[in-house]
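In what follows, subunit A forms one complex with subunit B and a second complex with subunit C.
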Partner chain A sequence: MTTQEKQPPETFVRFSPLQRLLHVAVMIGFTGLAITGFSLKFSDQWWAGGFAWLVGGAGHLAYLHRFFAVITYGCVLVHILWLFYFKLVLKGSITGPQSLFPKVQDIKDMFQHMGYFFGKRRIPRFNRFTYWEKFDYLALFLGMNTMGLTGLFLWFPEFFSTLLPGYFINLAQVLHLYEAILAVALKFVVHILTTHLRPEIFPVDKSIFNGKTTREKMMHEHPGELDSL
Partner chain B sequence: MRNERQHHKNRNNMGKRLMGQFIKGILFLSICSASLLTFFIWSAEANQTNPMMPPLLEGKARDCLECHRYPNVETNAGAFASQVFCLECHQKDSCTKTVHKEKVSLKIDPEDIRKGRHAFVGCIQCHTDVARSPHQSKEGAQCLSCHPFHNGAGEIHAPHLRVRCQACHTVSKFVYLDKESNEVRPAHTNDKKMPIGLTDHALQDTDRADFCQRCHTQENKVGAADIILPSKSFICIMCHDVSLTMGGPVFWVAFILLVIGILATVHFWFQGSVQGEEKSMHRKIGFVSESIWGTIFSSDFFTILKTILLDVILQRRLLQESVKRWFIHSLIFLPILFRFLLSVFTFFVSRIGPESSLAVILIDKNSGFMAFVNDLCGILILLGIVLAALQRFIIKPPHVIAEAKDNLALLLIGLLVFLGFLAEGARILMTQLPPEAGLYSFIGYPLSGFLSLTTIQWTAVYPYIWWAHAVVGAIFVAYLPFGKMRHMFNTPLTLLLNYKMK
Partner chain C sequence: MNAFMVKSKKWLPEQKSFGRSLLFCLMLFAALPSPRSLEAAITPDGQPGWFVDMGLFAASAHGTFSCEQCHGDMKQGQTMHPDSENPTFLKAYANREYDYRRCQSCHRPSYEQYLEGAHAKALLKEQTDSAVGSNTLPESKKAPTCGSCHSGHYARAHLSRVEIGREMVSVCGKCHPAQTATYLDNYHGKAAVNLGDKNAAFCTDCHGAHHSVSLKDKKTALAACQRCHPDATEGFTQVVIHPTIKDLPENDTQKRAHVALIRVVTVLMSILVILVVGFFYGHSFVWLLRELHEKLRKHK
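Right, the complex of A and B next:
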């Protein structure tokens, strides 16, 4: 570049508007689910009483829990529809190297990354999605389906106990709670830390909100994808 | 100099001292008044503790536990103990009371309770006012202390807020309109003036719909419509609180036409090129959504908010053009917008907290606030329509062109509101709403007085008025994306796009 004029940095679209919208909706829905659900489960705690008071009682907490569940699972459904659209209409690949589909390469990447942390090996050349991003995505995608299923058992126990033995309701109660704790721990600790608290991106990664990433960032984070463009 | 400084210091000190005294005084006064207030409240509370024992029993030898058993009715054991206590008398044949010189049986078969839905509920949990010395119930069973109005499903309860739960849910099929409490209640006597056992605890199987015919028959005495009308359709959300039901094929047709019309309009918008893209719909939608996203999450957002407030809601451009046109347009537009926003608010409130008093007020057409708001919105819209008609057909200024499309839109809205008022008047008349409740319907109530001069059987006519209003409403909704009312979507969009172009 011969001119010294400051050019706006070259940007790439990393997330489409639909993906950004779904992320914001799931963010709101998931946080709402966590707050209302835990306030119901740990209702003897002082903070649970506070949230219950805020919305006007346990009944309203339960209503809002279902409301947020519908929002969150609606996003999962829209996402599944989009996957079909992507595969059938846009003829995209949902298992290719630039997709979120888990591959053997991801495990290799992970070991190489660990080696890099201890100064033994070079940083792996990540593709569009790194192994921890794929893990985050799959954990939520599969988790939301199992949470949705156990949640439906608890929402309509009369209906499901006509199809299944009654102890499935008890199973659903246990699984719904423990998976909720797992999901909340994963999302609010691991997901937020691995996205925002990496040294190269600290303090905040805005690409899921504005959908954009720069060439420089691509070179650092997803060199494999940059090569394939 | 020194003196002056000393003086100044003294003055400062004095100011500080005064301020300190002032604060101390305020503190002292507030402590005094707080303790006085506490004392008054305490003494008032102390006076309020009613003697639980009736004066008759005081001083007499009584086994405390004979009356004062208070089992924990939250447990099954407690609920059974409570039932046993009541059934001590109430399972005997001799348990009767006299109403209108007729003996009414108060006998309860314990087996019925065992089999019923309320087997694990203590009697006094619903009959909250019977466990006392003058042993009689004024309130009846309190269903609503446990059950919300139909679990929040608004299909049925909005028109039935003046109907006691028991009127539909118990097997006895005789009901009457109690003028005193202004409620439809289960009757004490049947059509042959024979008393009915008041303790008929068997609950009606509400899957069978025939209990509606207790009231909704020809020449009923409780002021119900002759025909069972469907619940308000979801498309009525434009002006009414609604439930998530469609109500009938008419509304389905209207709704499908509305959706088709909106889709066709959006499809039409995407016919043109978007940022140079001519063919691929996928890329066009992508460009548009990217642009919308970029605008919302930027500083332009506040400018757009301003545009929406000034140009869309307050109609600034129309005001600049002509005050008269702005006035007429606002008379029609603002009440519709307000009523629509209120319906959306009501929809969510009545789902989140169906038992809350706010939800009940918002749903109840006879509550003072809603009656007043509905009538006010209606009369403003009607005034706007009349002024627009005057402008178009009588005054006819040269710049006003009365297009057939516009006239149809105005006619539809006017007819809708007029039929709405007629239905309101007929409803107030036939349900025999007392004046103190009807007062707030400042159009509907006088109209009902006017209608009462006729000799028409309004319970028979009301369904036709209701259907006329509903069908005009359905036509209005179906017509939205096709005719003149399309400008409700187009104009704000054009304004926003114009802004974006700038």
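Right, the complex of A and C next:
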């Protein structure tokens, strides 16, 4: 290890500056949404009521929630625009083996990885994105679109009730709540656990912030991608 | 990796004192008085009795009145003191014995609105039913008169809109518990009652204070919605505010269907959340154990 440290380790770019920026913006937006949203949902609890009081009541809570929603959904729109740019201008592949597109291989990888948990099988040779990273991404991407849509229903109920029956506002409310619980339960526990608490990467996997990863880490975590380079 | 072991030793003593202060903070929070509950807001008159707490009465809106101003003069021979020899003495409900027609001498508009409203209609039906002799309703199900909602002896004056509103939600909830529960689960209830937002709607902002209308009629409902939502159309009145089938007439199949659909979607979403979260929590936990196992084995 000492001999290796003397040479500058070979680095690979894992995330572009735009992706890193969007990650930070979504982090802020998502956390803000979770705090302001659950402060309303659980407003009969002292901590939620206390937070609402701190920001200046229900009106400000609603304003902040929509402010963070605009930030977060703005990131989704920028990301979608980037996907078009990546596909049409950079001629990149958004469905290839090194993309985030879900494949049958991911299911196989998951079972093999779970076999590894119980010491039965080896760690699969992951490509650029592992199955849990793909799930993280796709759950957030789909979730943000549905949260955005149901959120718009709750933001402008007068308008949407002219297009659709009134009970759609109620259904939007149910979906918005349960998806919020799902998202928070996954992001604040599973995502923190896989990117911070695992002994392999404790205390933090910095590549989403500085965009870099080393050859050693690539060999370990994404050998499939390394082979393809 | 290695850094983890070294670091952890470094901050161990600090962590201990941090833990102690955290525990202290937690105990402080536990010792704090719990926030106001709805029960605490119920007037002392929640249980109607024959005896008056004069301290509370003196602090109430009617506190400067003499008893005779409302209860009349015994000498006039119009009002009789209850017969103390009667076996029902002090056993009847005080609220039922009082003649609330006397309230209109000061509260005329409210009294007239009450007479036009749904509560007065229920009272009229009850009286005709009892004339036939079929009135077997328990006390809590009887049609309300003034004293059922307002405490003549203890209701305080100069309360803020939110204070009145919170009290109102619990008073209405005595007879309409399903409606109160669904209201409190709705945005209106959370903003108004829980967060004390004076711009949010309490019961009477939609149903009217003394008219007490059910809002089953679309036109009445639309007028109620438009008081706060000027852009509301008839479709807006079909947003379900009280998703409960309690007290809903059998023939209101449309709302029953909507409530059922909302419940089905709620159950399906709960199942989805439990399955997905359960799977990934288990997945992450076992993964963590495996990596810890490998780490510790390498250190041996």
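To be clear about the criterion, the second predicted complex is superposed on the first by the 224 of 229 C-alpha atoms of A that agree within 3 Å, B and C clash if a C-alpha of one lies under 4 Å from a C-alpha of the other, contacts with A are read in each partner's own complex, and residues count from 1 in each chain.
The working rule: a residue touches a chain if its C-beta (ideal position, glycine included) is under 8 Å from a C-beta of that chain, and two chains touch if they have at least 3 such contacts.
Because the structure is a prediction, the values reported are computed rather than measured.
Superposition of the two structures on subunit A leads subunit B and subunit C into a clash.
In the superposed model, A:56 lies in contact with subunit B only, and not with subunit C.
Between subunit B and subunit C, the partner in contact with more residues of subunit A is C.
By the touch criterion stated above, A:182 is placed in contact with subunit C alone, subunit B being left untouched. In the superposition on chain A, A:174 makes contact with subunit C only, while subunit B stays out of contact range. By the touch criterion stated above, A:119 is placed in contact with subunit C alone, subunit B being left untouched.
In the superposition on chain A, contact is made by A:190 with subunit C only, not with subunit B.
Contacts of A:157 after superposition on the shared chain: subunit C is touched, whereas subunit B is not. In the superposition on chain A, A:203 contacts subunit C only, with no contact to subunit B. Comparing the two interfaces of subunit A, the one with subunit B and the one with subunit C have residues 57, 59 in common.
Remark: subunit C residues 1, 4, 32, 34-35, 184, 187, 190-191, 194-197, 199-200, 229, 231-233, 235-240, 243, 258, 261-262, 265-266, 269-270, 272-273, 276-277, 280-281, 283-284, 286-292, 294-295 touch subunit A in the complex. Touching subunit A in their complex are the following residues of subunit B: 148, 152, 282, 286, 289-290, 292-294, 297, 351-353, 356. Against subunit C, the residues of subunit A that register as touching in their complex are 40-41, 43-44, 46, 48-49, 52-53, 57-59, 61, 113-114, 116-119, 132, 135, 154, 157-159, 161-162, 164-167, 169-171, 174-175, 178-179, 181-182, 185-186, 189-190, 193-194, 197-200, 202-203. Those residues of subunit A that touch subunit B in the complex are listed here as 13, 16-18, 20-21, 55-57, 59-60, 63-64, 89-90, 209-211.
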